[in-house]
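Scroll down for the structure; my scribbles are underneath it.
We just call them A, B, C and D in the order they show up, numbering each chain from 1.
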Amino acid sequence: MTLNERQQQNEALRSEFLRRSGVDVSKCYQCGKCSAGCPVGDHMDIPTNKIMRLVQMGLIDEAMQSSAIWLCASCVTCTTRCPKGVDVAHVMETLRQMAKDHNCVAEKNIDKFHTVWMNILHKMGRMYEPGLIVGRNMVTGNIFQDTSFGVPYLAHRKLKLMPYKSNNIDEIKRMIEKAEAMDREEGGAR
Amino acid sequence: MDYAYFPGCSLESTGIEFHMSAKAVTKALGINLIEIPDWNCCGASSAHTRGHWISLALPARNMAIAEAAKLDVAIPCAACYARSKQVEVEVSQSAETRAKIEEIIGRPYKGESKARNLTDILYRDLGVDKIAAKVVRPLDGLNVLTYYGCLMTRPPELACDDVEDPVSLDEIMKALGANVLQWGFKTECCGGSLTACRPKVGLDMTQKILDAAIKAGADCIVTACPMCHSNLDMRQAQLAKHDHNYHMPVFFITEMIGLALGMKQKDLGVDRHFIATEEVMCKLEEYEQEQIQKMMNEGGEA
Amino acid sequence: MERVGVFICHCGSNIGAVVDCARVAESVKDYPGVAFSTDYKYMCSEPGQEMIQNAIREHNLNRVVVASCSPRMHEKTFRACVAKAGLNEYMFEMANIREHCSWVHAGRNEEATEKAIDLVKMAISKVCNNEVLMKGHAPVTKRALVVGGGIAGIQCALDIANNGYQVDILERTPSIGGKMSQIDKTFPTIDCSACILTPKMVEASSHPNIKLITFAELEKVDGYVGNFEVTIRSKARSVDMSKCTGCGTCMTKCPGKADDEFNMNLRKRTAIYTPFPQAIPNKPVIDRESCLKFKSRKEGKDVCGVCAKLCPAGAIDYEQQDELFTERYGAIVMATGYEQFDHSIYGEYGYGKYPDVISGLHFERLVNASGPTQGHIVRPSDHKEPKTVVMVKCVGSRDPEHGKSYCSRTCCMYTAKQATMIRDHCPDTKVYVFYMDVRTPGKLYDEFYNRTREEYGVEYIRGRVSKIYQDGETLRVKGEDTLLGRQIEIDADMVILANAMIPNPDSERMAQIVGIGYDKDGWFTESHPKLGPVETHTAGVFLAGACQGPKDIPDSVAQAGAAAVKVCALLSKDQLETEPTVSKVDNKLCSGCGLCVPVCPYKAISLETIQERVAGKTIERQVANINGSLCQGCGACTVTCRSGAANLKHFTNAQILAEVDALCQTIL
Amino acid sequence: MSDNSVKTANDVAENFEPKILVFACNWCTYAGADLAGTSRLQYPPNVRILRVPCSCRVNPQFVIRAFQRGIDGVLVAGCHPGDCHYTTGNYYTRRRFLLINRMMEYMGIDPKRFHTRWISGAEGPKFQQVVTEMIEEVRAIGPNRKLRDDMKVTVNTDDIVASVEADTKVVADNV
């Protein structure tokens, strides 16, 4: 397929990306400093600078389907050192949010981890580690991952066994729902 | 010195040592921490992957409660700090954002109550001289590496220290008498939540940091982030399964201050680490003995 | 009776694509004073100019308005054009409908056309109030001043001197030579920098037409083209130049020590010193900051004095003071050069704290046979030969976020040169170069770069370096090979950064003293980026070398020659035409209050006594008098004048108010 | 006043496009505006530039006259302090127009209609930004009717000129 056809296909995604991220990717001149300093760089299927290039060329679908955007640890080193002032980390973040909305998440387990986390927040307002570990393992299918830490955690008196239940859980729930509704409404635009 | 106190979820569980030591040390140093009643999770590394407003709203509620009490918020956890700082900055810069946030959380928040990193409070508000003055058991002879991770220094507009070469932990450790070594990993990422959901990737990142720490000849690492702490401390056992045997104790800055102020390990939570801290304790004691011996010898000669 | 001709230029499609030029011409056809109006494709072209001249004759025009580009571009062209047809050149006005209209309102054709009509009407109303003006004449001081004694300044002075004119070189440091004297070899020929520079320095110092004023600074510039009055501060050298023989004995026992700037602080020098052995003049100065005697004097003591005891000529003079003196010059050439960008702003490269992370200029001193290591390439930290060297380009350049937005032009070549020199000196040393682009537009430059890779085996890696940190004895360099899409880590013994070029830190102050423009980065602004590269907007002030923007040696030398030609053309005239657009005072209205006198920055106004006959009696009174050759036409006096007696020719109150009214008529 | 005329006035306000006069010094701001042109930096076509040798050539009288004749906004722009081609011209400008600002307020002219700004020859983007912001600001406050309307009813032009001259004297005394 020719480039212009591919770009044509991506037209809607491109404008959605622009609206949601507010980042001017045309500034990027492909120096590679983002990839060079990325702590997850050697695990990414597509290096950060090439993600930027895909976005710059308007090939949002490819960028969105990469596993790289999920491996990004949000450490913001790329943005901090970018000589052109491009918020690279925010580009990655926007792509993650878009991948979720467009149902093309490459790293299902990472996504599920965040889902479990948010579900616990919904219910309790605070984190509850045993719930997180068990919940994550249930959805990812790695039933025994990190369970070996359960006992030592307890031995080191590090896990609270009973979850905290807020007195104002209704307030927190309302707040979360409202915020999520707003995010849906605006498509996460910044 | 009064501050509202936001411990965050980790400090109730995997980072409970930070909680214990922070409370003990601040009390001894005359800093009054008032825990925010019924605080909620800041959203940590998950909320911001879901949406902008949810990532701002969660910390905003805690900040609003503190603002009602006219207090700045002391936050030990680097991640909670970064999330809370983000909403403070965005709300104080844009009336539009403020209106939306207030609508979502149903409370007023003008961004007047500031998110403050606890380490920064100790370093800047209190000052290392005041800490040094209270030291009864100097950490002389201890070779430490300071590790800041991502969230104390990045992004630069939220940072509470220099973005590439932060110094607050270094200066506090020096005030405690420790020998602070230099390395290139002060602000490298430990892997964050990746160790939990993509263990291979996350462990690889943790491993690089531990390798560098061994190479630098450190006795221990000092940090101010519960996520970094649990990755570096707890994951050493997992790395051992892949034939990478480390024994690198990892301390919270407040634990170190507590030890230098003569507090008991148990009261600071030092006994709860995965990697035993005995060697560090022994080294401190040995050094102490040596110094006493030296003094006695010198006295004899004179 | 005004008969104005109006000519609207399309400038091809530059104006014509946005502004409806025919409609503009049509709409002012009946505007008061207009006798003829038309539009044409290219007004500045030969046929366009002929069209104007023919119209002047055919329609008996006595005033002309051209609506086209900026007057800064073509006012001169059209003034000459109307003069050829017999009009006074000041009976002409321009309306700027390109830079101020079509180019900034693309796609808003209707509004842009309306705006163009307004601008043309303003110009017509002004030109109707124009008066015939005649240029004046002023004598020329046949001597030039070159500010800065680097290669550009030296070359420029030599070229002026060889044309038979007197020229002074003003140099801030104790010796001429500039940055080129610090450089070891020059690209692309790898000939020794000193070998080609020092003969020029000697030639300049011995030339009968050249006077060197070293260790001195520009203090003040008064006057105007042809007659600048320059105040110079000669700094206290503490050495009597007339007595000193340059034997150097004084320096042998000096106990005061300071960082040796010439050697990029890689070693120490004495407090009494010449910056380098081939310095010209080869007579030392005392650096009072590090001299034990001067330091002790601050504490009320008076010690040392070793140099004075040693000097066989009795030339040491501790009591010397800075001296101010004034000289007259017909022209000034600015050749103040560049400085190296300070890489210590980059935390990711260690904030300048790692001793083995050095800049390009550091390397030049390291590899120089008369440098601190006698030309051995060794690490500053332990003086061991590096086995792996990493070079990083664009440090401070092309980095709008943390450094400078521009490309420094020279770094690609100097990095290639330094890489080959490392391979020459230490054949076993590996050299890696991190680059974003390789920019080598110059004669034999790209060939040189390709030899660097192919014959010298230097490895080029495309990507910016993200971090450098000390890892035990070596430096760990973290970069990316963007062509492979892979992270690269290299353990290097030494890292050489290709630091950007920045203007002399004093450049903005200098520009303000001389009265020339500078850009956002502090580089001096030329009068036209293409057609006036060595001129400035201030008549009589020219630019040579890197003070105008990053430049290598060949370009600096070429520009110096170009500036010299401009200076000689100016000095060859016995008299200069002066602009008639100066202030005048209407004696009838002047009350002699004298308020305008202190306002004038050129001291062009004085009070004089005139005699008048009032009611049959002769009375004497004071009025302001403006010296037309001193006045530069700013108009400050006109606004200060209470009685409206002072007016600025060509920008009179009547002219400006006519423009204001013309614009506002379209509102009412 | 009939309903009809009110309606017309509102219509005008709705589609109101202000006209702004810019006095630009030849050496800096005029060059900056040229640079905006050569860089193709787009801005609304509501400004008209009048070239003067130096911002200090701008007699406050010119500004008042423009307002009197119905201009909606005036910008006086020159070199940055310290960068004046004539060394000190813009210092006079600065002091003069500090006083004029106060007089404008006294006369009932919204101070947002009049600005003094420093824009160098290298600041094309700044020129674009300054004029764009000013146009928006003046658009928001609507057409200038103050002096025109007042003039028709009560004020004699000569009075205004006299007051301007009086002011010029105040200025003169202060520079």
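The rule we apply is simple: contacts are C-beta pairs under 8 Å (C-beta built on N, C-alpha and C of every residue); 3 or more make two chains touch, one makes a residue touch a chain.
The model shown is predicted, which means the values in this text are computed figures rather than measured ones.
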{"item": "Chain pair, B-C or A-C, that carries the greater number of C-beta contacts", "value": "A-C"}
{"item": "Computed distance of Cα centres, chain D from chain B, in Å", "value": "56"}
{"item": "For chain A paired with chain D, centre-to-centre distance based on mean C-alpha positions, whole Å", "value": "51"}
{"item": "In chain B, residues with contacts to at least two other chains", "value": "163"}
{"item": "Per-residue multi-chain contacts in chain C, two or more chains", "value": "348, 467"}
{"item": "Which chain pairs touch, all of them", "value": "A-B, A-C, B-C, C-D"}
{"item": "Residues of chain C touching chain A in the complex", "value": "348, 394, 398-403, 436, 462-467, 478-482, 485-488"}
{"item": "Residues of chain C defined as touching chain B within the complex", "value": "346-348, 351, 467, 469-472, 476"}
{"item": "In the complex with chain C, residue positions of chain D that touch it", "value": "17, 19, 21, 27-28, 30-31, 33-34, 36-38, 40-45, 48-54, 56-62, 65-66, 69-71, 82-83, 85-89, 92, 96, 120-123, 128, 148, 165, 168-169, 171-172, 175"}
{"item": "Chain C-facing residues of chain A, complex", "value": "29-38, 41-42, 46-47, 49-50, 77, 81-85"}
{"item": "Interfacial residue positions of chain A with respect to chain B in the complex", "value": "39-40, 42-43, 71, 73-77, 79-80, 89, 93, 96-97, 100, 107, 109-114, 117-118, 121, 125-127, 129, 136, 140, 145-146, 149, 152-153, 156-160, 164, 166-168, 171-172, 174-176, 178-180, 182-184, 186, 188-190"}
